[in-house]
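So the structure is just underneath, and the comments pick up after that.
As written, the chains take the letters A, B, C, D, E, F, G and H, and residue 1 is the first residue of each chain.
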Amino acid sequence: MNENNIKDILSAVKDNELSIDDAIKEFKELPFTDLGFAKIDNHREIRVGYPEVIYCEGKTVEQVREIIKFMLTKNNNILATRATKEMYEAVKDLNPLIRYNELGRVITAKIKPVEETKSYIAIVSAGTSDLSVVEEAKETALILGNKVKVITDVGVAGIHRLFARLEEIRAAKVVIVAAGMEGALGSVLGGLVDKPVIAVPTSVGYGANFNGLSALLSMLNSCASGVSVVNIDNGFGAAYNASMINKL
Amino acid sequence: MNENNIKDILSAVKDNELSIDDAIKEFKELPFTDLGFAKIDNHREIRVGYPEVIYCEGKTVEQVREIIKFMLTKNNNILATRATKEMYEAVKDLNPLIRYNELGRVITAKIKPVEETKSYIAIVSAGTSDLSVVEEAKETALILGNKVKVITDVGVAGIHRLFARLEEIRAAKVVIVAAGMEGALGSVLGGLVDKPVIAVPTSVGYGANFNGLSALLSMLNSCASGVSVVNIDNGFGAAYNASMINKL
Amino acid sequence: MNENNIKDILSAVKDNELSIDDAIKEFKELPFTDLGFAKIDNHREIRVGYPEVIYCEGKTVEQVREIIKFMLTKNNNILATRATKEMYEAVKDLNPLIRYNELGRVITAKIKPVEETKSYIAIVSAGTSDLSVVEEAKETALILGNKVKVITDVGVAGIHRLFARLEEIRAAKVVIVAAGMEGALGSVLGGLVDKPVIAVPTSVGYGANFNGLSALLSMLNSCASGVSVVNIDNGFGAAYNASMINKL
Amino acid sequence: MNENNIKDILSAVKDNELSIDDAIKEFKELPFTDLGFAKIDNHREIRVGYPEVIYCEGKTVEQVREIIKFMLTKNNNILATRATKEMYEAVKDLNPLIRYNELGRVITAKIKPVEETKSYIAIVSAGTSDLSVVEEAKETALILGNKVKVITDVGVAGIHRLFARLEEIRAAKVVIVAAGMEGALGSVLGGLVDKPVIAVPTSVGYGANFNGLSALLSMLNSCASGVSVVNIDNGFGAAYNASMINKL
Amino acid sequence: MNENNIKDILSAVKDNELSIDDAIKEFKELPFTDLGFAKIDNHREIRVGYPEVIYCEGKTVEQVREIIKFMLTKNNNILATRATKEMYEAVKDLNPLIRYNELGRVITAKIKPVEETKSYIAIVSAGTSDLSVVEEAKETALILGNKVKVITDVGVAGIHRLFARLEEIRAAKVVIVAAGMEGALGSVLGGLVDKPVIAVPTSVGYGANFNGLSALLSMLNSCASGVSVVNIDNGFGAAYNASMINKL
Amino acid sequence: MNENNIKDILSAVKDNELSIDDAIKEFKELPFTDLGFAKIDNHREIRVGYPEVIYCEGKTVEQVREIIKFMLTKNNNILATRATKEMYEAVKDLNPLIRYNELGRVITAKIKPVEETKSYIAIVSAGTSDLSVVEEAKETALILGNKVKVITDVGVAGIHRLFARLEEIRAAKVVIVAAGMEGALGSVLGGLVDKPVIAVPTSVGYGANFNGLSALLSMLNSCASGVSVVNIDNGFGAAYNASMINKL
Amino acid sequence: MNENNIKDILSAVKDNELSIDDAIKEFKELPFTDLGFAKIDNHREIRVGYPEVIYCEGKTVEQVREIIKFMLTKNNNILATRATKEMYEAVKDLNPLIRYNELGRVITAKIKPVEETKSYIAIVSAGTSDLSVVEEAKETALILGNKVKVITDVGVAGIHRLFARLEEIRAAKVVIVAAGMEGALGSVLGGLVDKPVIAVPTSVGYGANFNGLSALLSMLNSCASGVSVVNIDNGFGAAYNASMINKL
Amino acid sequence: MNENNIKDILSAVKDNELSIDDAIKEFKELPFTDLGFAKIDNHREIRVGYPEVIYCEGKTVEQVREIIKFMLTKNNNILATRATKEMYEAVKDLNPLIRYNELGRVITAKIKPVEETKSYIAIVSAGTSDLSVVEEAKETALILGNKVKVITDVGVAGIHRLFARLEEIRAAKVVIVAAGMEGALGSVLGGLVDKPVIAVPTSVGYGANFNGLSALLSMLNSCASGVSVVNIDNGFGAAYNASMINKL
């Protein structure tokens, strides 16, 4: 409901085409969201091109299939995270464009084209065990239309490997760092690049990593400025964030 | 040491103005950082205009005075966080441009101009008790050359206050949210704006907030995409991050 | 043992129908609970109509069957929470009124009628993954004789969905909110309704939700007044509480 | 802005006392909250008689004085929690009705009458060290218009003390329990009364109570149904909640 | 109220000296505790000779003085733990027998004699920093009438010191072990003596002892059988427990 | 090596049946434990009649069988805790006296008689879900020669059940309390009996019991004196402790 | 790139065999690591003889096979930790020297000889349940060329067992201690030997050991000097560390 | 008691100078420590030259003065950690060699010479705020007779600073790393040097470092091998450990 709507109602009242009571009723009958939250909807429209994201954990195979089926009718791009292989098997007949990244546990379908960014997101990871988070981030970034460069296995235990790839990382517009154990790569990179660094702690590690807590605290306490953090193993969240920044 | 330096040495060698042994010596005498990390230095040069940041906690008044004094000789802008009033009293005679934000515990001095951004950073906070974090973030963002819009006291307990300011928040290029207690403002804003949101949990609250842990976990677990998190009460970190994004 | 019992004994003593020693014996032979805790029993009687509640976790299928079998002989309504499908299969032959809510893991049997409340309990949830808690709460509320309105998937990531349903929520006498991840829905609703809000943190979420800890802390620290909290995933407890309030 | 305001404007338009443009302007000039959140405001109006609550922690003496001064101009009842004696000294000259409860750290001023409830809230506490929480709860409940009965020092270490007061507790419409250490009183009372019990864990205790964590977990895990929990030491929150229920 | 009281009432009823209604009234007027909890009171009586214990933390100097003053009128022995020196100064004039153990923060007054046990309690501690807990335990044990043997500074870092005192420890009827840091003395002693060992973790130690958590967990996880644990720094609780066992 | 052994050697030296060098050799050849820790061995001898205890968790079926087989050759009573049914199946042919308590996961074999105590241990539990801990405690207490009285399902949610059994509990020499959830039964009993109470927190409960942490903290923070605590679910440890006290 | 390389380039420039631009290019084209991190590579060369270590957790059987296959082509010794039996089955055909330690979950292959140390590492453990950590440490130490002495089952519950083996432990150059539960063995040994002690907390134990946290905190808080700690269950890390020290 | 003592007794028995009973008595009367733990004492003698260490925290000024006074009579070197300036003032008159390191809170007195090591310990720290830990470690290492090289302010936020000092670090025999915040320096150094690295987490940092927990977990989870950890802020422990290794 915008100014014009209000004007129309007022004119109708003034012209005796609408009784005061009916005018009040119109004000009151307008769905709340339409009145106060029209902007929210517009705001959703701005995001057109972004796929709806389905978080599969805690959903049944049937629910996932129903959601994807429905979204395909709306011609949406599909991004389903934390999807099991069984879910993929259950949906792959719905559209030939449906793909599954097993390591990243991601189902995607690029139904309609998304304009690709000029700049790229660097996704950097410490060890091979962080790869599932890397893949989730990569698939998310790609379906959102980003160029991506993936640089793995450059953990600080052999820091020269990181330096060998530093130029590529610095050339990115935004950097995602996935690291488990002590998560030191976040701080080290934060001190070496002047781009926003989004750190993803991973749950990889021995006993006292407490399912990612050690890397999480490490990254939150980074002595390097310019590092922000998302949830443990949340490759999707990092990439979504990075995509927003990459598209600025 | 940059390309020109190398060129100069090589030319001198070529022209017999410098013996090979002396040339090698020059290479070797150069501080390691100059040689191996020229790129890092260049990288630092790119950051020119950025003030060196002094984290005052755990430093003595004398140390802070010495550091600021030295930096002023280099004509640097000054940003000293977590500074006590006593520190300010001890340094204010060093330069007439030195200012102190008591609430934010920040000493600044804009010695040389920094080009101001066109876009602005929105700094949004939940309650009046979060103001010290807001002020730290604001001073940081300003000294780094950002336009800033501060919107306070829009916590979710009275969510209409937030909606009244939503347009201003959405018009920002990047949003900082500071909130204590349950930190819900991070998620709510994350769902309402399509800009990167940097959440700062604050240590404000009753007993079981455990010095900011509740807001921290809340923000890390935000159901809204596009929210990344910095350390508890880390207004500086949020603003540094936001500045990087705002200047992209 | 109530006042009438005491009167009868005293009358019998007075009328020499009962010797003092026998009277003392009767007092002493009465189970302690009957004597000292008559009020407790009365208090239980007041609750008539309330089903006995069986918490199945940690019980064997056989134990659950025995308890339900016994309770049916007493004509009780049945509410068994955290019941597996196997338990249901083992008891369904005991009475044709036995039903199973698989999502909520609840076995119920409405053996005798319970008067239905006029006012209703609103059960509001953030995401589809919170549904099992919602179902447990709903079944509990229904068997206790409450009218219930369930409103799901109105999490703060898309807050307009919540506003669209606000009237219905406000019309309830008491509101249950189930939310995982950051649990922000608790605070947001607490700020929007003037009815008691009972918040149930759920264990839904990524890594650092620590099995519901993040939502739990979030809800305990709610900046909105009027929100109280029950245990993680404790849909039953929330509904039992809400029922008490709804029946006031 | 309520229905009458809208009617007035519409009438003025209809009667040509107000041009359409001016009417639109009035709508637009109204603070957003008035327009889009009329229901919220109405909802606030319903709460008339409720004092605005000032949470003093983290505020300066001056800020508290300014807020109270302003609220007095609006003829509001005053409830300021976590107020230091210094704050009280700074505001007491503002109005002769201003009182201070030192133990509960609460400033109140009953400027306009609030209708008193018929039923009462029982505030029960385990030990004398919980008294400050009890006082905060009591002052809150009173200023909100509730009858209150305070029953202290009935902790489970001497459970007969509790039984001696049980009738009074059972006669309440809603019960607040404040207990530190192991917080067992919450469960014990939950099993003895059939009214909603709101438990407030307090930070009272030896080493491993971890500032109230032990009582908090204890109360959340209560084996008795009908117990909900608020934050550690949050007497205000418990009483606000209880008041809502007491007024149903 | 015991059997005789009931008999009296019944006799009076039988003899028409008391109407039935009045008899019921008497039953009902009797304080609940007298009726249902006579055993509890008797049980308290059995404990005669035990001083009432005053936990001073969270109490004001005035409150402590009032309680002690009152107890002295009842000729009770006094044991006040966690008492500040200021409290002692405020009460010492009440009775010449009042003493203060500054290290243990305990006020005692042996007003009436307590029979001394034949067997003794051994109180063993690891380091000199645990002495305040040792003193609290010692004063408690003494006022309760126990013989006590204190053996300090026998921590496992120099385990030969422990062995030199082992015979004395083994000759005790029950052993209290106070240890901070890693609390290993609990397990070591548990493996060397065949008496019940009550372990008190103390909050002594460097950073990651987390205020006694490390010693607490250590003692709870003792690989030696026969070790039970009380709260951190709870010398009183350990001694109270040990006294119960010593008097069996 | 006991006093008699030393006497024999000395006699042989005196009688020239043994050279001094050979005597020294005998002393030195004796395993260190025999020499330096003769008292420990004596100490072990005092414990004769106590079964060796096998903690089966983390051991293979084969290891358990080998240990039991060996102990049987020494005519020891057997107590194997945390034993799987598979372990029982693998050992039951070793001796016809071998029994298995499935609920308590305990293998026992009473090979030689143990003198039974006159006094008994009361094992009290809150809910039926605590039964496995109760059974572990019971089997341990029995094989160690104690009389045992088991009183289950007297949790504080229906405290009258506890009072009905109080006499039996008070008649015990030492009381074990097993309770999960909020573990309030420990404090309540501690306030009602004047015997040592050993509390076992159990891991039974909803979400925020954090695997027994809530009951553990609750019991450690008991407001009642005379309660000591063993590890979560450690029925064995509680019974071993109680047995020591029961035999004093 | 070493001094000679620089000399060659400079000579070529001087001799006009290389233009200045091409010389600069050569400098710039050199991989960063070759230039700046030559020392790192040398440093790796010093470690020759050390096997590359494969951490198998989170890797697929195929990945492990590929890595081992590749390393064998380079004639490396193999050390693969946290390897499943399935992994071993998948690689054992690659080389006849491949062995599997099932208890320690370690695959090794001694392809080329490593000089054995004269001094030895003592690996001491508390209980039989710590054996898997002991075996991981032992295999690691052996493949790195250390002499090893393993001393198990000397936990502090029967401390005489430890003293019987003390000489052997003291004769080691460095000591590894693996212990779960309360981990007291670390402190006890730290007080008895004057060699560096590396403590490995293990995750063995009842409820409140919290997966090794109790032993970890215990060891970090050791009252004995000379004890340092590695991660929970990290037998490999302890042995790698010990090997470094043993080879000094 | 050594072999000669035993021989003397035996000879006396043989020669009838000592009755068997008296001989047994002598064995029994010998202090346990003399008999069984002679080796422990010798072991202490081996450590001669090491100063006794006084941990001042929790001790009174008087106690510290008494201990130091006593030790000076034995001509011991003094090392007192966590000493306040007040303690220093109270002891400095005892000996002119007494010094105080205020930053490190360490009192030392080198009364007798200690042979200095040839190799040195490198003490490396991340930020200037870690200096107090560095100073504690340095003073400890020096008094124990080690050469020390201190390298500060080389945190990973500006990693080039670390590389500039790498040669010096690598030339040490053992490396101490002190770092707060995310403690990444431990891992980074662990990957760059092939000497044992002893990491000291410090409690320096913003909110979610939780008093050193983040650095502690970070260091325990180091992805680099060869890193062991001591307690938070435990500079003394690190240096004691390093000294042991440096002297091998």
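The definition used in the following text is that contacts are C-beta pairs under 8 Å (C-beta built on N, C-alpha and C of every residue); 3 or more make two chains touch, one makes a residue touch a chain.
Keep in mind that what you see is a predicted model, and the values were worked out from it rather than measured.
Chains making contact with subunit F as well as with subunit H: E, G. Across the assembly, the mean Cα position most removed from that of subunit F is the one of B. In terms of C-beta pairs in contact, E-G outnumbers the other of E-H and E-G.
Rounded to whole angstrom, the centroid-to-centroid distance between subunit C and subunit D, based on C-alpha atoms, equals 26 Å.
Mean C-alpha positions place subunit D and subunit G at a centre distance of 59 Å. One simple way to say how far apart two chains are is to compare their mean CA positions; for subunit F and subunit G this gives 39 Å. Note on chain placement: the centre of subunit D and the centre of subunit H lie 55 Å apart, centres being C-alpha means.
For subunit F, residues touching at least two other chains, in rising order: 36-37, 40, 127, 158-159, 163, 166, 192, 206, 208-209, 213, 216, 220-221, 225, 231-232, 237.
Inter-chain contacts occur between A-B, A-C, A-D, A-G, A-H, B-C, B-D, B-G, B-H, C-D, C-E, C-F, D-E, D-F, E-F, E-G, E-H, F-G, F-H, G-H. Interface residues of subunit H facing subunit F in the complex, by the touch rule stated above, are 3, 6-7, 10-11, 13-14, 16, 20, 23-24, 27, 35-37.
Residue ranges on subunit C touching subunit A, taken from their complex, read 128-129, 158-161, 163-164, 166-167, 204-209.
Residues of subunit G that touch subunit H in their complex: 36, 39-40, 43, 46-47, 53, 163, 166-167, 170, 173, 192-196, 198, 216, 220-221, 225-232, 236-238, 240-241, 244-245, 248.
If you check the complex, the residues on subunit H that touch subunit E are 31-33, 36-37, 40-41, 55, 57-59, 63, 201, 203, 211-213, 216, 231-234, 237. By the touch criterion stated above, subunit D contacts subunit F in their complex at residues 126-127, 155-159, 181-184, 186-188, 190-192, 205-206, 208-210, 213-215, 217-225.
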